[in-house]
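In what comes next, chain A is part of two complexes: it sits with chain B in the first one and with chain C in the second one.
Coming up: the complex of A and B.
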């Protein structure tokens, strides 16, 4: 195998795939990236057996062929090379010679045959949607994924295909983010699947504002085809909890807030939320919210926010991080905050189909 | 100030193969058949518990499921239903509290009751606790009655299942005499062997050694052994004890020298830890995992990581790091988890 390409192109290609590589593994081949050169492109593939990514870059291919090379090492070498023109030549023993300007590197790879193939998708259920829509949807939900490995069904985003809607849901049991995306698909494609965190993170990085993504759901696995890149992942087995039951059906009070103003106030006041209890209190009175936090023996913070509010006076406490996360990830200027009472979940909404349900914290006397 | 052991009455209550018993109760067709509860074979699961029919085949808890199935191909392996077990444990706990407020639960299926303040004699009281549990849950329990935790715990094994045994304060010394030393806390294979070389296999034989002699042999622990082998134990029954961490460790009869050997041991320890976690603290939130190495020169190193989940891969990571810190031979490996404070968990209300 022999090819030459610009440093920029190679780096771009490697950046797309290298996050998937497992750093530590009993299988050395999984630390490698598979390179397949033919007809003007070099395809790159990485996998950790749960998630796999295939991308590539344009190149002058002098001799077609394939090999695998240690991904991180290859990336750091390419990044440091002095000249923008790089040539790579691999001999029959998978030793790669890399030349650029006055530099020469030789790194040892492993045979292509040892690299586990990405899964095949036969009889998969395929839907196509705009990359931008999926990207926005994931951005609005993925921060609520649980990191608690003992509740593994929550370690991912639920993709629920029902009645020409794709509903994305993420929750850690204390808050839940959900978004509905309009999407046309046949009745037979209806399904609930859980895409694991790692695949969601990689996908969010790969998705762009242009073009479509083709989503194929097979048995226990899913593929996202973004034209130039492909991401495949195993699905999390198990039943996602019945998230609908936690969404309050009514609201006693609705408060309209400017997202950025609210976020900035929360951010300031939360500086004095104690590490231990980590709570921030919102006290509602006529046309005003007072946001307060305090840490015993450290100090306290208080900020008032004028709002339109005519309901009863009451206070409710939240984990400030949980309250700020959706505000950071939304783009809307205006948000609605629906509340019932101090012990019931609060719901953040926007003009489009999105909601964020957050359980309050018990206010200590 | 703990009351002196002679004046106390402690019951150790142990539900008989709790999880398996619940499954058999709920599915009468399983009665009389070997039943285990735990992870499936194809997921490298281990059994959390099994009934007496299964134990007859040499199956025990924490045994890998595939191994259990080798010993008893007819073993019925059921997945755990912790929500059900927790509910039953809640009923049992409520029953125990009718008899004393001093209840220290060790796990879902095991507890100490301090019934000193109850005017009735502890033996009949233990029977009534067990009868009430059976009446209300159709599950059997075994009990040990004694003047302290140590004696009560050892006694509860004697007439298991569905039985009890009482050791009166004046009979403690006699009771301890024939017991094998490994019944005492903190005595593992290595200590047992060391004692055997000194001609000591029973508590009675150990009683012949003086406190200084035991101290000479085992250091500070030797002094504890002096009391333990006599059935002396002053620890109080602490209600609602909150476990801060859970760990499992093994001291090796010969030191380990390579990472591969250690890797293998960590894999074994992990299965044990996973089973213990599932049994003792199935609901607690884990904040940190840790790994401890003790070297042949008795120095030690511990690595603790916040944010990493308790899975085998992560323990292997910690091992690699700890192993590379020194080139010394390894005498002991321990792995464990630390829990979030319960107080913090309740402050944030849950949705799901």
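Coming up: the complex of A and C.
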């Protein structure tokens, strides 16, 4: 096979797929990228057997064909090449010659046949939605995914299709993020599936502001078709916990906050929250919140924030990182913070269907 | 909940209530049941896993201090969740259940377990009775009966089958327990990988949180010192945490060379069960069971023939059956003894090589050279007897796995030097004299029939 293309095009194509490349060395073929050249495009595919991505770039294809090349190596070579025009030629033994300006590289690949094919989707349930919606939804939830591998059902985002709504949920046992997206689909498509973290991270990277994404759910696997790119992933087996149990039924106090102001204050104060006693305290009094952090033998920080508040005086402590994560990932100017008392979970909400439940930390005396 | 647990739970609740908010208590603890209380642990039943996750993450401190004030000392807290049934009620479209069911199978595969290797498909005979019973006991009550269970036996006798059966049994019964099945080679590779990428912590976490650890072919750990050390700690952690460990090997733990003593002694701690080659009845039963599973229909004589001729290895037995069956269905010809023999030439040859005994060799050689069988072991050594004896020794060396000493013993208590000398001499004469080479290859092929 033989093709030529611009450096930018190739890099862009490789960047889309190379994150998936397996870091495990047990199966060498998995650290390779599959290149398939035909009719003006070169398709790129990578997989780690759990997640697979297919993308591509435009090229002048002189000779169609396919091979696999070590992805990381190819990427670093292309990135360093001096000139914009790059030509790649692969011989029958899967050795690729890369020429650009005065540079010449030869890297050895593996035959195409060894590359595991991406799974086929037959009888899959397909729904289509706007890429932007899905990207925003994932952004608002993905940070709450659990990294504790013993709770493997939590190592991903729940996609719950029910009653013309797609609900995305992520939790790690201390906090829970949830988004509802309006979506039309037949009743037969209702299902609860768990998409693993790696697929979610990659997907969030690939999704763009324009265009639609076609989501196909098959048995134990899911595919996201973004027109130019395709991501397939295994699903996490098992039942996602009944997350509705976590959501407090009613709030005693609702505080309206400016997201950025609140986030900035938290960020500043959290500088003096140590790793050990990683908590910051919010003390509510009439029309004021006082945010404090205190680490013995280090020091303390305090900042007050004027708000509209007419309820009783009380204090509640949170893990600052957990409180800041949703604030960073939301786009709204205004957020609502619903609280009950110092021992009950706090809930962050915005105008659109979104919910973030956060357990308070115990305030020591 | 029996009376004692009930009373204890009431005490606990009373101690717990002031520590958490009313809403929290109602939401998370009102549905909890105390099902078992022992000297060092308390087991709570929760409606589904969200209770476990949330209580573990957020209310453990409160729960522990309530336990201390109620019983006077800390206890290990365990949770039992009836997740499966409950979630079906919550997300109960029939479709979800169906896909759930099929997905459970794929995970079984994901664990590296072959769905064909179950207890149902295992043929029990006197050769493997103990191993089978022990495995079943372990599967039914992990970490209660024999821990660790150490299964050993030769190639193709069902070690892997039994281990995978345990894995699948446990997995099917309790979806929540983490079953890990792998070969020791994979363990070593992942360990090396972890060192390379500096992810030892992750590696340890992964293995030390297993609920049931099945390691196949543990003998490959021999000589890998750091892997052994790592495995030693994993073993201890799991053992102390009352997690079941099952190991398999091709030889007893004490005979694995270059395996640290502390590991050997630990392997022998629980139950050691040996798998022996099946007897003829068991072999017949295996063949019939396999034939039924594959829907093969062959004449009884064929089974009989295969069972008689292939003794050492179940895998080979099944392979032979497959070969004969596919030949029969492809060619449509009648299966005669000759066709089967021709078909299985290589297998039978291999089989024969393993089963030929020194005695058979002696008999054949004595017959060929027309000397008495007793001369093979006698002290007399005129050339007419000495040479056939040397030929027999040479053949015994070539065709059996017996050591020089064993051969010497079988030839009337000669020492290994004598045997070695005989082998060298015969080899030399085979090169020099054509007729001797022909004679020996004739005896060789006669033995193979």
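Operating definition for what follows: the second predicted complex is superposed on the first by the 365 of 365 C-alpha atoms of A that agree within 3 Å, B and C clash if a C-alpha of one lies under 4 Å from a C-alpha of the other, contacts with A are read in each partner's own complex, and residues count from 1 in each chain.
Rule of thumb we're sticking to: contacts are C-beta pairs under 8 Å (C-beta built on N, C-alpha and C of every residue); 3 or more make two chains touch, one makes a residue touch a chain.
Given the structure is predicted, the values throughout are model-derived calculations rather than measurements.
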Practice task
After aligning the two structures on chain A, examine chain B and chain C and state clash or fit.
Solution key: clash
Handout entry: Partner chain(s) touched by A:319 [first = chain B, second = chain C, both, neither]
Key = first
Problem - Touched partner set for A:359, first chain B, second chain C, both or neither - result: both
Exercise for the section: Considering only touches as defined above, state whether A:260 meets chain B (first), chain C (second), both or neither. Expected result: neither
Completion exercise
Winner on chain A touched-residue count between chain B and chain C: chain C
Practice task
Go through the superposed model and pick first if A:333 touches only chain B, second if only chain C, both, or neither.
Solution key: neither
Practice task
Classify the contacts of A:343 with the two partner chains as first (chain B alone), second (chain C alone), both, or neither.
Solution key: both
Practice task
Based on the superposed arrangement, let me know which partner A:246 touches: chain B (first), chain C (second), both, or neither?
Solution key: both
Practice task
Answer with first, second, both or neither: which of chain B and chain C does A:8 touch in the superposed model?
Solution key: neither
Practice task
Once the structures are superposed on A, label A:173 by its partner contacts, choosing first (chain B), second (chain C), both or neither.
Solution key: both
Practice task
Look at A:150 in the shared chain and tell me whether it touches chain B only, chain C only, both, or neither; answer first, second, both or neither.
Solution key: both
Handout entry: Steric overlap of chain B with chain C in the superposed model, located at which of 3-11, 21-29, 75-83 or 111-119
Key = 75-83
Practice task
Please write out, lowest number first, the residues of chain A touched by both chain B and chain C across the two complexes.
Solution key: 24, 149-150, 171, 173-174, 241, 243, 246, 343, 359, 362
Exercise for the section: Could you please specify the touching residues of chain A with respect to chain B in the complex? Expected result: 24, 147-150, 171, 173-176, 241, 243, 246, 276-277, 279, 319, 343, 345, 357, 359-362, 364
Completion exercise
Counting only contacts in the complex, chain C reaches chain A at residues 20-21, 23-24, 27, 48-51, 53-54, 56-58, 61, 83-84, 86-87, 90-91, 93, 95-96, 99-100, 102-104, 106-107, 110, 175, 178, 189-190, 193, 196-197, 202, 205-206, 209
Practice task
Would you pull the chain A residues touching chain C in the complex into a rising list?
Solution key: 23-26, 149-151, 153-154, 171-174, 188, 190-192, 219-220, 235, 237-239, 241-243, 245-246, 248-249, 340-341, 343-344, 359, 362
Exercise for the section: Can you check the complex and tell me which residues of chain B touch chain A? Expected result: 285-286, 307, 309-311, 313, 316-317, 320, 344, 346-352
